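Shared between the two complexes below is chain A, which pairs with chain B and chain C, respectively.
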Partner chain A sequence: MNAILTMPEMAVTALALGLLVLDLWTPADRKGDLGIAAIGGLALILAGSFLFGAGAPQYAFGGMYVLDGMALFFKRLMLGVGVVALAAALEYSKRFAAGTAEYCALILLAVSGMMWAASANHWALLFVSVELMTVTFYVLVSFERTRMPSLEAGVKYLILGALASAFLVYGVALVFGGTGTLGFAGDSGPGLGTGSVLVRVGLALVLAGLGFKIGMVPCQFWAPDVYQGAPAPTAALLAAGSKAAGFALLLRVLLEAAPDWALEMRPVLMLIAGASILYGNLCAIPQRNLKRLLGYSSIAHAGYMLLGIVVLERAGAAAILFYLAGYACAVLAAFLVAALAFDPGEPEEIPALAGLHRRSPYLAAALALSMISLAGIPPLVGFFGKFLLLKGVVLAAFDSRSFGWLAGVALAGIVTSFYYYFGVVRAIYWSAPAAERPPIAVSRVAGAALGACLVGIVAAGVFPSPLLEAARLAAGALRIP
Partner chain B sequence: MASWTIYLSFIGAALLLAVRPRDMRWVRGLALGTALAGLVLGLAAAARYPADPAAPLIVLARARWIPSLGIEYYLAADGISLTLVVLTGIASVAGVLFSWNVERRAAEYFALYLALIGGVYGVFLSFDWFLLFVFYEVAIVPKYFLIAIWGSTRREYGAMKLALYSLVGSALVLVGMLAAYGVSGGQTFNLIELARGGFSSGFQTWAFPVVFVGFAVLAGIWPLHTWAPTGHVAAPTAASMLLAGVVMKLGAYGALRVGMMLFPQGAMVWRPLFAGLGVIGILYGACVALVQRDFKFVIGYSSVSHMGFVLLGLMTLNATGVGGAVMQMFSHGIIAGLLFAVVGRMVYDRMHTRDLADLEGMALNRVLPFAGLTFAVACAASMGVPGFSGFISELLVVIGAWKAFPPLAVLAGVGIVAGAAYTLRVLQKSFFGDHPRAPVEEMGRGQGLTWPERAGAVLLMAATVVVGLYPSLLLDIIMPSLQASWMQAMLKGGQG
Partner chain C sequence: MVEQQIWQYAPVLILLLVALGLIGGMLAASAALGPRGRRPPIKDSAYECGMLPVQPGGGRFAVKFHRVAMLFILFDIAVVFLYPWAVVYREMLAGQAPAVLGGVLVFVGVLLVGYLHAVRKGAFDWRG
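And then the complex of A and B:
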């Protein structure tokens, strides 16, 4: 038993429960302090995670749970995402009638689910961690009970999420039926073979279930509606955290547990990647709502990241890790601004951003930087991430010509995306505002969280080496046969 | 020291954004000071070149940037880079002078302007392909905003069209870059090392057109030139000057420095096509310019025509033609700046029309005599009258083309004549209309040119005259660079 390895997850869960208990004795006007405490606690856990070295993989619970370089990378990413999401929640929850502490506690539980997912080495743990995330998100998405769009988003997420969970659990059952074991084979045995029809169908169902989490075509229909309707901090956590957890599981399943099947399915995966890129980018063009636009663009980004999977190499996995970190910084910054720049109840229309540079130059610059990074313009982090992903695909095209069209589709998508990302920047800086609106006060916590995202966007773009080395080290832990 | 052109530009931009001086004098002073410093640094570096004929490359900065991918921060300069750095310096100083009347959000305007300049210097001085690509992309954002915020006619359309064309070009370059990196063993993006290593002729045959077209989009290669007239017309004056004067050279420079230097055999295979497109650009641009009614569109299409000479010169693959192409890049940068300055700043800001039919009735040569003089000089230089820089550069291109493809050289000669035709037409219509509709004294009231306009015009006119009268100033630094070992394969038609 190596239960000590699960310390970070346990600590996050304990923090969430502690928050709920403390909430009972906290007067209404002091609830904000609980949020601060949650942020501080999560930051401490993040700092503590650096006590674990990325050495040889260590296992707990009879191999169900693995702590290797990749798991550690994802955990740190998710803890960072959690800190920023909590800061956004603290700011955003001022518009809730009640429930600040509950909202923060739910975010912590979702983060804990993501962290378990990062270490899943067993089909049961995979399913349980996904459910922990998903069930928490049902509540988080519909948290604004009095706002119709939030409720609508919650119902959509509930129905489609339940469907995805059904796929997932059915797939796991079929794989178990075909192999007789629930553990990912890993280095203890050969990867899942392609022999049994049962296993193949099971894996396809698992792919559909996880595809829901990352928002890839054809499991993407929920994304725009839910991103638009959910409270901004929830949407931030969905985009930056839930997607990362989905990719962590996808990398484990496709590259470690079932590499033969992944190789066989490569044409399908390529098709999915290309379709996601095109669908996300083309549908984002006419959007007027900032959060909905980010919803569609998140589909496109899932497509870009799938490029790192279809090459079926460590370098591709490293590119995904790098990209996820950069994407998290950019998208968290965007949702933070979305949480701050609009009045309660106001739809997040892009034209309403007009004049933002006068109301708050800081928020305007932050949103502009985030959009430019998402568009992939250097020297920001989004550019280097896309460069790494494309590098893998173009180099793979030398071996197999079929990668050529995928590279073409990806580049076409990137060029297209420039159009709508710059539409947002244009709205901020030079559309004439309909009416003069008061300046926006940005609290210290939210300002600091936003600053952290911006530093990440710029620093990892200008000096990508440290993050790239971390990603390569983490991907090196993948046991690709 | 020349690397400080880049840093100073970005520092100036950051300062303007961070401080946002209220006093316009500080804003303009900071912008002008930064641009002047860049010009001085560029001139100083060019004056010392070549210190040693055996070493045609001056290394400015070299450090490991992303070691695991073999990416270096590698700035260096040869005569071709320095020629274009000096051009950028002159154009940027002139551009600031012609932007003196920008009042609306001036700090942001000059910040974006300086950021664009910084990116341009970066491209000209990068000898690592990845670094060059980064600077190339960095330049896209400011030029988009300069047009879209401060532009005029259909500015959002023009800005987006320019940005999308640039990005499509960049996408092609990126594919070529990654492919070359992979084929060469995935060790380096260093352009000199890649050129020395060489590529198989099969690879060059498909990589060359991808990379060359990718860059040439920005050089206005026909039929991908359509962003140029709309972009130039939509842009504010100083941005038009930079777009036509410098940004189009980014494309031509990239096509030469990367496309032709790395893939000489591919260039040999494809050169009839691209030389033909260059000549089509010359003739097409000239013919379209001949029938435009908008003053600024005439200049916009003339840029397409003049950049056709650059492409033709590059595709001759001999020292005369390529040297002429580099001269033409410099010359056109100066002349286009001058032409756009007259149209956009001196005439349009005062008369509020660019319609040649309206201008014909305004007797501008008497209302704005100095503008008339400037425009006459610019037109003479643009037509290739001896004594101006346009003459020597187009002559070299045509001589080079005569050695390579005589029929195309003849057509290019026809293009020079057509250039004279549209230039004389626009000169006559804009400034020397015979029938003023109102007394000259009335129209000219309070419209004298300001000192920054005069200073900028004098600077640009001086540049074209000095180089026209004494072309060795530039040829002495361009030609030794073409003798470098890594350029020789290209000039021998890929046989080296």
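And then the complex of A and C:
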């Protein structure tokens, strides 16, 4: 019993519960302080996670829970994402009639679910952590109860999320039926072979359930609608955190628990990756709504990251970790701007961004940088991530011809994406605003959070080696048989 | 081995077929043998033992019924989880005392926070 290993998750959960209790005795005009306290608490936990490094994998709860380099990398990423999402929530929650503390507590609970997912080494913990995350997101997505699009997004996420959970739990049941064990690998049980029909069908269902989380084709239909309708901080957490948790679980399942099956399914995974890249990028072209555009682009980015999985190597996993960190910075910055630059109730139309550089040069520069990083232009972090992922595929193409087309599709997708990312930049700087609008005042907390994202985008792009080294170390902890 | 396991489900399949056959047979027999003729609406109304409907269903309810029902189910199910714990408590106390007591304290503590929240936010306030 090594329950002490779960300290970070426990601390985040305790912070959420404490926030709910404190909220009961806080007068209405002091609710903002609770949000600040949540940000401070989460930042402290993030700092605390650097106190212990990742040594050999350690297990808790009879091997259900593993703390290794990869789990620690993901936990730090999710804590960082949580801090920025809370800062956005603090700003955004001025639009809510009530419920600032509840909104922050739900974000904390979602972050704790993601952190449990990063350490899952057991099918039961995988399912419970995914549910903790998903159920909180049902509420977070539909939190703006008086705004119709938010409710619509909530209903869509609820129905499709429940369907995905059903796939997931059915798959887990079949895998258990075929192997008689619920552990993944390592100390808790043997890795799965290609196994019987039951195991194969079960793993395919699990792939569909996790595919919903990362938003890959063909489980991507929810993404644009939900991203568009959800409150901007929720959408930020969904894009940066939920996707990262999905990839953490996917890496564990495909590379650690069922490597033989993954090898067998490689052509299908390649097809999914290529289709996600094409679908996301082509559908993003005609979009006029900033959040909807980011929804389609998140499908494309899921496709890019799947390139790191199809090579089935440590280098690919390291590239995914690097890419996720860079993607989180860029997409968080974009959603922060989406939360700040529009009036309450105003749809986030891209043409309405015209003249943003005069209303707030800081927000305009931040959104432009984030778009350029998402497009993958050097020297920003998005470029190095795409470079590493493509490098893996091109190297694999030397061994096997079949990878050649995938590299081509990815390149075509990246070039296509320039059009719509630069469309946003053009709308900010080069189009005339329909009417003069007042300047935007950015609060200190939101400005600092945005600044942290921008530093991440630029610093990890200009000096990629520290993040790259951390990603390599984390991927080295994967127990690939 | 898997094939053997699947064969163990054969009785379930047979039961399913028997059930479908029985129901299908009943419906088919009643359609084939039953009396035919006019069916005025009065024949479909409640008869002797039923009440005549006084208004259409699906009227409006105050949302507080929904709130109390939801909270009831939440706490009710949480209490159900205490039963298996109580059954194994004495056995586990010998070897894993901190885990068995600490685990349930955390569980009840989380419930307590939820209960406090519901009370202070006035979820049980019937007149609110």
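Annotations
The criterion applied here is as follows: the second predicted complex is superposed on the first by the 476 of 481 C-alpha atoms of A that agree within 3 Å, B and C clash if a C-alpha of one lies under 4 Å from a C-alpha of the other, contacts with A are read in each partner's own complex, and residues count from 1 in each chain.
The rule we apply is simple: a contact is a pair of C-beta atoms (placed from the backbone, for glycine too) under 8 Å apart; a residue touches a chain by one contact, two chains touch by 3 or more.
Treat the numbers as computed from the prediction; the structure is a model and nothing was measured.
Once the two complexes are laid over each other on the shared chain, residue contacts for A:405 go to neither chain B nor chain C.
When the shared chain is aligned, chain B comes close enough to touch A:414, but chain C does not.
By the touch criterion defined above, A:21 lies against chain C but remains apart from chain B after alignment on the C-alpha atoms of chain A. In the superposition on chain A, contact is made by A:198 with chain C only, not with chain B.
Shared-chain residue A:422: touches chain B; no touch with chain C.
Touching more residues of chain A than its counterpart among chain B and chain C is B.
Within the complex formed with chain B, the chain A residues making contact are 372, 377-379, 383, 387, 390-391, 394-395, 397-398, 407, 411-412, 414-415, 418-419, 422, 425-426, 429-430, 464-465, 468-469, 472.
Put simply, chain C touches chain A in their complex at residues 2, 5, 96, 99, 109-110, 113, 116-117, 120-121.
Across the complex, chain A is touched by residues 65-69, 133-134, 137-138, 140-141, 144-145, 148-149, 156, 160, 163-164, 167-168, 171, 174-175, 178-179, 181-183, 186 of chain B.
Chain contact summary for the complex, chain A toward chain C: residues 1, 3, 17, 20-21, 23-25, 177-178, 196-198.
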